[in-house]
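Each structure below is given as C-alpha cells.
The two complexes that follow have chain A in common; it is paired with chain B in the first and with chain C in the second.
Moving on, here comes the complex of A and B:
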C-alpha cells in the first residue's frame, strides 16, 4: 500500500467517457458502491437511506458484486462488523441515517481511533425527538468530533464522485481514517437526477486493491489491534489522529485531481459563487448552499454583491481556504441546518467564526439556522437574508445571536 | 506502511506509534502487570486442593498456574483479586482457596497460611 500511495499524486489517468444515467441520490450511492465492489458491506436499512441497502442487496443477490453482505441486527453491529472486517484487511463500507448514526456513535470513535479506512454514506436526517424522517444535519453534527473525514455533498453527481474518491482517501497510508460521505435526506436521496457515471472498469482501476498494513487473520504475522492505552500513551494516540486528519487535506486534493483526470469532474474542498467581488457572503453545506446560490444570482440582478461558499470538506475543515475566501468581505452569514443546543453558536457558524477570528480584516459573521426536520428553505428566504445584510442600515451588533429562517416564533 | 517495532525501553512519541496503535506481536498483554490492581489476594492450600480445575477454568485472567495438570499456585503478576476462584472452589471448610484482605503477598504465604 505504501508504494501505491506515494506515487498516487503523480499517477496519471486517461480521460474516460462517462455515461449519463437517471438515478436518485440513494441509487447513485448504491451504484458507486456496486462499482467499488467492497469486500464487506454491513448495513441496516433506515429511512431515508433504505434504498441504498435495498439496491445493494439486489446487486449481491444478482451476483453483480462479490461483496460479503452482512445483514446485521443494528447499526451498532453494522459499524462493528466493518471495524472487524477492516482490521482483517478488507475494504469495508456501510451506510445509515439519523438514529442509525446515533446508535453507531460509540463505534465511530473506535473506527477513527483504530484508523480503520471504512467508507460510510450518511443520508442526513433529523434526530429524534420529536421523531422526524426528513432532512437536517443534526445527525452528522452529532458525530462532528468523531475523527472521521466528513464530505458533505449537494447533489447525486457529487455523491457518486465523492464515494469513489473516499475509498482512496481513507486507505491512503498518510491518512488511514474512515470517511463519511453525506447527502441530504429526501432532497438529494430521493430526487431523480442525471448522473454521469464511469465505466465499471474505470472505477475498479481507480480504487485499486486495498493492501492493508496488517491483517488480523494472518497468524504468521500476528499483531495486537484494539489496544488499551493508559494515561502514559493515550494522549499521543489522539495527537496522531489529529495529525492524520490534517494530512488528509493534501491527500483529498491529490485524489480529487487524479479523479479529475479520469472523469473530467473535480470536487474541491469548497465551491464558490460570486466571490470575485462579493461583499455579502452566505456559507453553508449541501443543498442549502445551492438554494443560496440561486438567491445570490437573483439579488445580484438587484445590485447586491452576493456570494456563496459551499463547504464540501467539512472535516478536516479547509481553514486556510475559508480565511482567504472570507477575509475582507463586509458580512458573512453562516447557514446551519442544525443547532448546537446551548453553545455559543451553531456548528458551522462556530467553526467559521473561530477560523476568522485571527484575521485582521474579518467580516461581521452572523448565524442563521434553517430547515430543521426537513422544513424547506426557499430562494425568497435566502434572498431576504442577502437583502437584510446588504442594507445600509444593517448593524451586526443588532443581530440576534442565532436567527431562525422560516420558523414561527 | 509497515507496522514498526515499538520501543520498549521508553514511552513512544506520537511519530513512533503505529497506525491505530497496532502492536506487532501477539500475547503482549502478559507484559502488563495487572496484579497491582488487587485489593484482595487468593491464598491456595495444595494439601486440600482436589485438582478439579474449576478455579482454573473460571479465572478471567488465566492466573491459576498449572503444572502437569495440577494447581501449583497463583500468577501474582496478573491476578486482579476478583475472588471468582475462591467463590467457585468446591472444597468444604477448610477450603483450598480463600481470599485474604490486601493485595500484597507475604513471602511464601500462599503455601504457609495455615502454619
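Moving on, here comes the complex of A and C:
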C-alpha cells in the first residue's frame, strides 16, 4: 500500500486498541455518529441510507447521545437545518442518498459557500429516472462541483475511520468546509463486515469540541451571515473557496496521520496496488476499485503487470499524487460508475485525463463505465479489461470513447 | 416576556436593532415591520432568519449590514428550516452548558417564501414544534422579482404574471390562500394577522408570539407601493383601509381560541380599499363591476366565517 508524501501529524496521540464488531456499512456510519455525538443531526429517510437514521434514532431514544435530532420533512430541510445549526456554532451532521442529495443540491452549494463545517454521509445510489434504489455514483457525481470535500470509502471500516476524521477536517480553521463521506449503496451499506471501533472516549477526545469562529448565538458579537455579494466581491468569495479546498489537502493528510497514531489505521488520498511495476493501471472509486484489485491479482498470475489506484479523496482531487503514480504507465483505464451525459467523458475519467494532460510521459487513458443502477461488476469483467489493455494488439486509438462493461448495447 | 399593552414612551427607550442605510424603497412596509420586530424584542438576544426576498437583498449587501442582531439568510424556501436548525443548536448548546441566554428565534419570509415555495419547510417547522416565531410580511406578490402573482395575491389583482388583459382580468385562479387558518390548523399555540399600519396591535402580537412555548405565526399585511400601485405616502393608509373594509381583519388564534382584535363597527365599502391601488384599476373600468361584486361576496363570507369561528371556539381552548 503506497502512501502520499508524508506530512506530519499536527498533534500526538497514544495508540488505543480497537474492538472488532460485525456491522453493516450503514450501522457503522451510525456508530461513528453516536461516538461523535454531534450537537444536531437533521436527516430524512431514503433507501439505502435509511438504516443510518433508524439506528441513530434508537441511540436518541435510548439516551446514548445528547444530539438534538431534527426529523425533518425533506432532505432540503435536512441540510437547511444543518446550515442553521452550524451557523449557530453547533456541530451538525446529516446523511442521505440519491434523490435526497439531488433535493439538497441547492443547499450543498450554500453550505460550502458559507463555509459551514457540516459532515454528511452519502450512501451512493442511482438517480432517477428510471427509479432505481441500487448503487451507482450518479448522485455524488451530480454534486462534484458543489465545493464539498468528498471522500469515497470502499468498506465499512473506512466509513468509520473517515467519518470520525471528517469532523476534524471540516472544522479545521484552514478549511471550514463541509465534508461528504460516501459508501456504496447496498454493497457496503447493507453488507455485514468486520469493523474495528475505537472506545467512545478516544473518539470524543479525537474530535474534540467545536468552537466556531463566528456564531449566530453569540449575542455579544451579533453577525450578519448569508450576505448578498455584488459583482464587485462575489468572485473573490468563490476563489477563497477553491483555495480552502486546496489547503484541505494538507489538513486531510495531517489528520489522517493523527488518526493513524490513535488507531493504527491510515486512509490516504489514494490507495494503490501493484504500482511498483504496473504497466496497465485501473483507476476507480470505492468497491469497484476493490473488484479491480482482485482482478489485478488474478491477471498478474498470468504475467500481466496490472495495478490499481483507488481514489479515496475525490475532492480535492489529489492531482500531484495521481500524476506521479500514473505517469510513465502504458495504459490507464478509468472506471466510472456514472456517466456525464453529453460531455467529453465520464466524471472520473475526465478528471484523470485532465490531470495527466501536461505529463510528458502520459499513458494512453481510456474510459469504462460500469455498474449503473446496481449492475454487478465482476472480477472476470475487470480481468478482461486488463487483458484487453495488455494485449500487444491493443491500440488506444481504436478504443471507443466510452466503453460499457456488462451492458447490453 | 412582558405582554402588557405597549406604549410609545416605553418603546422610545429601546435600542432599535434595524438601522438606517438599507436599500429598501421609500415607504417600504418591511422596514417599518422590522423596526417593530426589534422593538418587540426589547433587549432580548435574538437570531433572525430571512428567506431570500426584498428585505434580505436590501439589508445585507456586503460589506454592509442593517442588522444589529444576529441575522442569517440561506435560501428562498428554507427560512423555517434554517430557523429549526438554529433552535436545535440553541437547545443542544444550552444542554451542554455552552449557552445560557434565551435567544428569541424569528424566521421571516415574504408571501412567496411563506405561502408558496417555503410552505413545506414552514409546515414541518410547525409540526415539529420548534420554538420559533415565523413572521410573513405579506405584500401579496413576488415583489423582489418584479410583482409576479403568488398564493397570496387576491382574486382579480393585476400582477406581471396576471395581467388585466382583454381575455382575462387579473388573477383568475381563485381568492387567496388562507395561511393563517392553515397555521392555526397545525396546532400552533399562537397565530395572528395584523398589518404594518397597526403598530400597537402588531407589537403586542409579536410579543405574545415570542412568549409562546412553541411555534407561532403572524401574517402582516404589508402594502407595497411598487406592486400595488399607490403613492409612497399611502402605505399606512392602505393598511388601515384593508382592516376598515374587513379585507384583512385583525385577529388572533390563541391556544385554539379565535379572537377579533377590534373590528370596524360599520365596515367601509370595499371600493375604498380597491380604488387607490393601480393593481385594481381594471375593476373600475367598464365591465369591472363583477370583479368588485366577487370581492364583496368573498369578504362578506370570509368575515362571517371568522365570526363563526370566534363564537365556536369561545371558552374552548384546545391546549
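Brief remarks follow.
Simple rule for what comes next: the second predicted complex is superposed on the first by the 399 of 409 C-alpha atoms of A that agree within 3 Å, B and C clash if a C-alpha of one lies under 4 Å from a C-alpha of the other, contacts with A are read in each partner's own complex, and residues count from 1 in each chain.
Everything below uses one rule, namely that contacts are C-beta pairs under 8 Å (C-beta built on N, C-alpha and C of every residue); 3 or more make two chains touch, one makes a residue touch a chain.
Because the structure is predicted, anything quoted here is derived from the model rather than measured.
On the shared subunit chain A, the superposed partners chain B and chain C overlap sterically. In the overlay built on the shared chain, the residue A:233 is in contact with chain B and with chain C.
Touch criterion not met for A:245: it reaches neither chain B nor chain C. Of the two partner chains, neither chain B nor chain C is touched by A:149.
Contact with both chain B and chain C is seen for A:114 once the two complexes are overlaid on the shared chain.
In the superposition on chain A, contact is made by A:173 with chain B only, not with chain C. By the touch criterion defined above, A:68 reaches chain C but does not reach chain B. Of the two partner chains placed around the shared chain by superposition, chain B and chain C are both touched by A:224.
Chain A residues in contact with chain B (one complex) as well as with chain C (other complex) are 114, 222-225, 227, 229, 233. Per the touch definition, chain B reaches chain A in the complex via residues 1-3, 11-15, 17, 19-29. Of all residues in chain A, only 39-40, 42, 66-68, 70-74, 76-77, 80-90, 92, 106-107, 110, 114, 216-219, 222-230, 233 touch chain C in the complex they form. Listing the residues of chain C that touch chain A in their complex gives 45, 47, 49-50, 56-57, 60-63, 65, 67-75, 77-78, 81-93, 95-96, 98-99, 101, 103, 120-121, 123-124, 127-128. Contact residues on chain A toward chain B in their complex (touch as defined above): 1-2, 113-116, 173, 176, 213-214, 221-225, 227, 229, 232-233, 236-237, 239-240, 243.
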